[in-house]
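You will see chain A twice below: alongside chain B first, and alongside chain C after that.
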Partner chain A sequence: MKTKCISRADLAALVADLAAAGTEVVAPVKSRDGRALDYRRIGRLEEAALGEVALPRRSLKELFLPASEVLLRYRLEKDDVAIEEVPATFPPLVILGAKPCDAAGVEVLDKVMGWDYRDEPWFARRAATTIVSLACPGVDGVCFCSAVGLSPDATKGADVLLVPAEGGFVAEAITPRGEALLASKRFAEGEMPVEAQAARAAAKEKVARNLPAQPTGFHDWLGERFDHAAFKDIAQRCHGCGACASVCPTCHCFDIVDEPEGLDRGARRRNWDSCATCKFTLHASGHNPRATQNERFRQRVMHKFSIYPRRFGEVLCSGCGRCVRACPAGMDLPEILGQLFRDAGGAR
Partner chain B sequence: MNLYQPQLMRIEEIVDETPDTRTFKLTFKDRNVAAGFGFRAGQFGEYSVFGEGECTFCIASAPTRKDYIECSFKAAGKVTAALRRMSVGDTIGFRGPYGNSFPVDQMKGHSVVFIAGGIGLAPVRCVIWNVLDLRKEFKDVTIVYGARSVKDLVYKRELEEWGARKDVRLVQTVDPGGQTPDWKGEVGYVAAVVEKVAPRSRDAFAVVCGPPIVIKLALPVLAKLGFTDDRIYTTLENRMKCGLGKCGRCNIGPVYVCKDGPVFTAAELKELPPEF
Partner chain C sequence: MNELRELARKLLGDGTVKVVIGYEEGPRGVRPAMITDPAQAERLVFDARCVHNLATYLNPRRPHLARLGKPAVVVKGCDARAVAGMIRESQVKREDVVIVGVRCGGVVRDPTMKAALAPETVSPRCGHCASREPKLFDHLLGALPPAPPRPAGDDPVARVEQMPLPERWAFWKEELSRCVRCHACREVCPMCFCAACVADKSRPQWIETSSTPRANLSWQLTRVMHMAGRCAGCGECTRACPSHIPLSLILAHVARHVERRFGYQVDDDPSIPAPIGAFKTDDSQEFIL
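Up next is the complex of A and B:
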C-alpha cells in the first residue's frame, strides 16, 4: 500500500489534531521513575517515548480486553432483576508507536474472539482503533519474534508501520484504516532516507540467534508429545502465579464473576485469568483435570504452540519475551521451545 | 445485547432429590424469549444468581417437553450455595443452550442402554425422557442407575415411574454398604451391574454418564458386551466460564468441551490426552 513521510514536528501536530478531534491517542510513556514503559494516553507527542528498545511492561491486549471489564449491570428489585446493558461503543483511538509484536498479538486474538460466537466488546474496540506500529530499533536477550514468523518490523496487526528516517518517519499504510490516517495533511508525499538500516538488520540477526525459527510441522508434532521430558520437572520451578499470562499479548483466558456494588446492585465482569493457577480447572467435586503444575505449564505451551495453531492457523505467541522477563522463578519459554524445536527438527 | 447477557428465568418449582441435590423447574420471564427457545438433548447452559455469579449445568429436562427447562445441582460452591437459598418465584439468569448434543435421531430404530451414576443421571435423564416421549420410534430401553447409597439416588419419583413401565427395563443399584433394609434393587458398582444385566449390543446405542470412575469402568464392560466405541456416548463436564469457546478453560488438549462437546463418543474419548 501507500508510503508517505512525516517529520517529528508534523507527527506532534498530528497528535494535536487527533486530540482536538476527540480521538484518544495511546503511546509508550516512561513510568514516573523513568525506568519502565507503559502504553498510556497522551495529549502531546512529547509525552511519548518512541523508539525505545525496551518493551512497555504490559502489551496492547488490555486496550481490547481490559483486565476487568463490565459485561452488564444488574439491579435487584422486589421479586425481579433488572439488567442494564453496557453499550459496546468506544471513542476512536490511535495507538502510536506500538511494538510490532504487540500489534501482531492483537490480530492473532481476532481468531478466538470471532469464531462462531462473535465477541462484541472485542470487535467494537478493534473497529474503533488504528494501530500505528514503529519498527523495533533493537532487541534484548529474550525476544524471539522471528521464531514465530514475525520480525522487528513485522506489519501483522498494524494499520500503519512507521520506520525511523532522517528527521522523522517513513509511514507505510498496511490496511484501509491505515490509509485513512495517512490521508491527513500532516503526512507528506515523497521520500525520506531511512536511518540506521544497519542497526535494524543487526536486530533481525540478533533476534534470530535468540531462538531459531520453529521447524515445519511443529504444531502437529507437539500435539502428540504430552509426555515430553520438557514438561516433567516444571513444577519444581513454576510457582503458578500467572504473571506470564498477565503480561502476555496473546493470553486471553478469563473468568466471569459478579461484583456487588451495594446491597441491591452490581456488575458482572470478566477478569483476566491464567491457566497457571491451581484452581483454574478445579471441579466442584474436588477433581482437578490438571492436578499438578507440570500439567498446567504444559497447557500453556500446548495452547500456544499446538492447540491454537491447529485450530486457527496461528501461533498464540508473538515472541515478545515478556513472560521470561516477568517470571519470578526464571521460567524461560524460549529455552523450553529451543529444546522442543531441536527434538522436533531431529525427529524428521 | 452482548453474548454474555443472560435471559431472566423464574423458578416455578423446587424438588429436593437428595439431602444435597436439588432440581429447579424454570420458565423464561419474557414470552418472546420463551417462544423462540429450543434445545437438543445433551446441551448445557450458564445459570446465574445475580450478585454471586454463573455456574454450568446441563439441561436436565427433555427437549420434547416445551415451555420449561429443569436443572439439577449440588450445593458445592458459591453460586450453587446461593441457588440453594432461592425460593419459588425468584429470578435467575440463563445463557444457552450451548454445545453439541446426543444423536437422538440417529438412535431411532435402535435399542438404547442408559448407564448413570449419582448426579450423572441429570444429562442422561434428558435423553431418557426424549426417547420415552417418542417411545414407538425406539426398540428396547434399558436403564442402569446407581448411587453411593439409597439416599443419594436422584429423581426418585421418576425412577418409580420408569420401573413401573412395561416398555422400560430399569435396574437400580447402590454401592455395597449403601443399601437400606427394605432396598429391593441391586447392591454393587454400576459397571458390575451392567455386566450382570448384559443388555444386547446388537442394534443398540449406549449413553453413559457419571463420575469419571463410572465412565472409566463402564467402557470396558460395554466393549465386552459388544458395543463399539462409536455407539457409546458420554457427556463430559469440565469447568467452564463462557460456554462460547473463548475463555480458555474447558479444553482437553485440542478439544473444547463447550464447543466440540459436551457429548463425545468413546472413540473420541480415547483420542484425548488424560486431562479430564
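Up next is the complex of A and C:
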C-alpha cells in the first residue's frame, strides 16, 4: 500500500480542519491526575497524548457500544404505548491514535453485531467513524496481541495506520475511507523510513516474547475440554467483579432494561453486562446454572477462545492485556492461555 | 516468611484448616493464593506488595471458597477490621476461621510494584496507620517493621473536603460520570455481603441499573451511606474500579463524619458495636445519618 507522511504541525492542522468541518476527533488524553489515559474528544492536537506508550484505561469499544445507551423512548397513553424511535445517526468521527489492539477489537465485534440481527446503532457509528491507529511499541510484559494473530502494528479494524517517524508520522491507508482521509492536503508524499520499519519489527519481537502464539486448531481442542483440569479451581481468587469485561475491547454482552423517566414515560436502555458476575446467569427461580466463580470464569475463556472462533472464525480477544492490568486479584489470562496452549500443543 | 510457611504447613497438616488464604508470587507481582496442600505452603509470601484485603474471601457470597472447608486467612491490621466487621455482623463465626495476623510496615499502591516503600510508592491509606499490628488474631507473626513513610503530596481527603461546595460537586460529578455500573466496587468489598443488593432489586427498582448521572449518584451514595461506620478502609473498591474513581476519598470522608458524631472508629475488636447497629441515648441527634 502506498504511504504518505505528515509532520506534527500538519497533523495539528488536520485536527483543526476536521473540527472546522464538524468532524469530531477522539484521541488518547491524559486524565486529570496525569496518571492514566482515556479516549476523549479533543479540539486541538495538543490535548492528545499521542506519545504515551500506555493503553487508555478503557478500550475503543464504548465509542461504538456505550456503557449505557437509549434504544427507544416510550410514553404510556390511554390504551396504548407510544414508541419514540431514537435516530441511529451519528456525526462523523475520527479516532486519532487508536491502539492497534483496540481497532482490531472493533472489527472482531462486527461479526457478532451483524450476525443474526444487524445492530443498527453499532453499524451507524461504525459507518460514521474513521479509525487512525498508531503503531505501538509494545506496552509491557502483559501484551499478547501476537499470540492471538495480531501485532503491535496490526491494521485490522484500522482505516489508516500511523507509524512514528522523525518529526511526525508515516501514514498508510488501509481502507478506502482511510484513502479519503489521506487525500487531505496536510499529507505529503513519503516513504516508510528504514528506522520506522526497524522499530515495528522490534516491537513485534518484544511482544512475541510474552506469550507463544495460539496453536492451530486451539479453539476446537478447547471446545472439547469443558472439564479440563485447568478449569476446576480456575477462579478461586477471582472476585467476580467484572472489571475485566469493562476494560475489554471485545466483551460485548449487554442487558436491556426499561426505566421510567416520569410517571407516564420512560426509556429502553441497553447497558454493559458481564459473564464474570454472579447475576449474569441467575434465573428468576433463584437457580444459577453457573453456580460458582469457577464456571463463570471458564465461560469467559470458552467464549473468547472457543465459542466465538468456532462461530465466527476469529478469537474474541485482541491481546491488549487490560484484563490483567485491571484485575484487583491478579487473575492472569496469558498465564491461563499459556497453560492451555502448552497442553493443546502437547495433545497433538 | 518462614514463620508464615511453617504455620501454614502445620495448620493444613494437622487438619486445623482446609485452606490457607494468603499471598503468593504471581506472574506479575504478588496476588492472593488459596493453599490447600501443606506441600504448597512454600508458595506463601508476605512483603510490602501485599496490598489485597484477603478478608474479602471470607465473605459468604463466595461458595466456591466456602466448599474448600475451614479457612485460615492472612491479615494485616487494616484487613483485621474487615474480619471483625463480618464477625460483628454475624457473617462469619469467630470459631470458623483461623486468623493469621501479620505485623505490617505499610504497603505500596499496587501489588505489581517493587516492595520498596517511599513517599511516592506507599499506599495513601498507610499514611496515618494506627493498626500496623492486628488485635484480632489466633497467631501473630513477624517483628513490627518501622512505620511507613508519609505519602507524598497533600492529604487527598482533606483536599476534597476543603473544596467549596460547587467545586466539590463538580469534582464528584466528573468522577462519577465515568462509572459504568459494573459494581466491581461492591464485588470486591468484604463488607458488601448482602445476598440481594439494593442495586440489583427490580421489584421495586430502587436504583436504575443504567450508568446515567442520576443512577450513578444514587448507587454510589447509597453504597457510601451503607458503609458509614462499617468500611474497613482497605481501598479495594478504588483499586478494582475499572474507571479509577477515587471511591476511598468519599468513604474516608464519611468515616471522619462517623468519628466526629459518634466517637467511633472502625476497629478490629468485634465486640465493639458499630453505630449503624447500636443505639445509645447520648447519640448525636444533629442529623440522622
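Convention: the second predicted complex is superposed on the first by the 337 of 348 C-alpha atoms of A that agree within 3 Å, B and C clash if a C-alpha of one lies under 4 Å from a C-alpha of the other, contacts with A are read in each partner's own complex, and residues count from 1 in each chain.
The rule is simple: a residue touches a chain if its C-beta (ideal position, glycine included) is under 8 Å from a C-beta of that chain, and two chains touch if they have at least 3 such contacts.
Remember, it's a predicted structure, so these values are computed and weren't measured experimentally.
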Fit or clash - chain C, chain B, common chain A: fit
Contacts of A:Gln293 with chain B and chain C, given as first, second, both or neither: second
Partner chain(s) touched by A:Gly43 [first = chain B, second = chain C, both, neither]: neither
Chain B versus chain C as contact partner of A:Val257, first or second or both or neither: both
Partner chain in contact with A:Ala235 - chain B first, chain C second, else both or neither: second
Which of chain B and chain C A:Gly217 touches, first, second, both or neither: neither
Per-pair minimum CA distance [chain C against chain B, superposed on A] in Å: 5
Overlap of chain C and chain B interfaces on chain A (superposed complexes): 255, 257
Touching residues on chain B, where the partner in the complex is chain A: 1-6, 8, 29, 48-54, 74, 76-77, 80, 89-91, 93, 211-212, 237-239, 241-242, 244-249, 251-254, 259, 273-276
Complex contact set, residues of chain A against chain C: 31-32, 35-36, 57-58, 67-68, 141-142, 233, 235-237, 239-243, 245-247, 255, 257, 259, 269, 271-272, 274, 277-279, 291-294, 324, 326, 328-330, 332, 334-335
Chain B-touching residues of chain A, taken from the complex the two chains share: 71-72, 74, 76, 79-81, 83, 85-86, 88, 112-113, 115-121, 223, 226, 252-258, 260, 266, 268, 270, 273, 275, 280-285, 287, 289-290, 295, 299, 302-303, 306-307, 310-311
Residue ranges of chain C in contact with chain A within the complex: 26-34, 52, 56-57, 61-65, 67, 111, 174, 180-188, 200, 205, 208-212, 236, 239-244
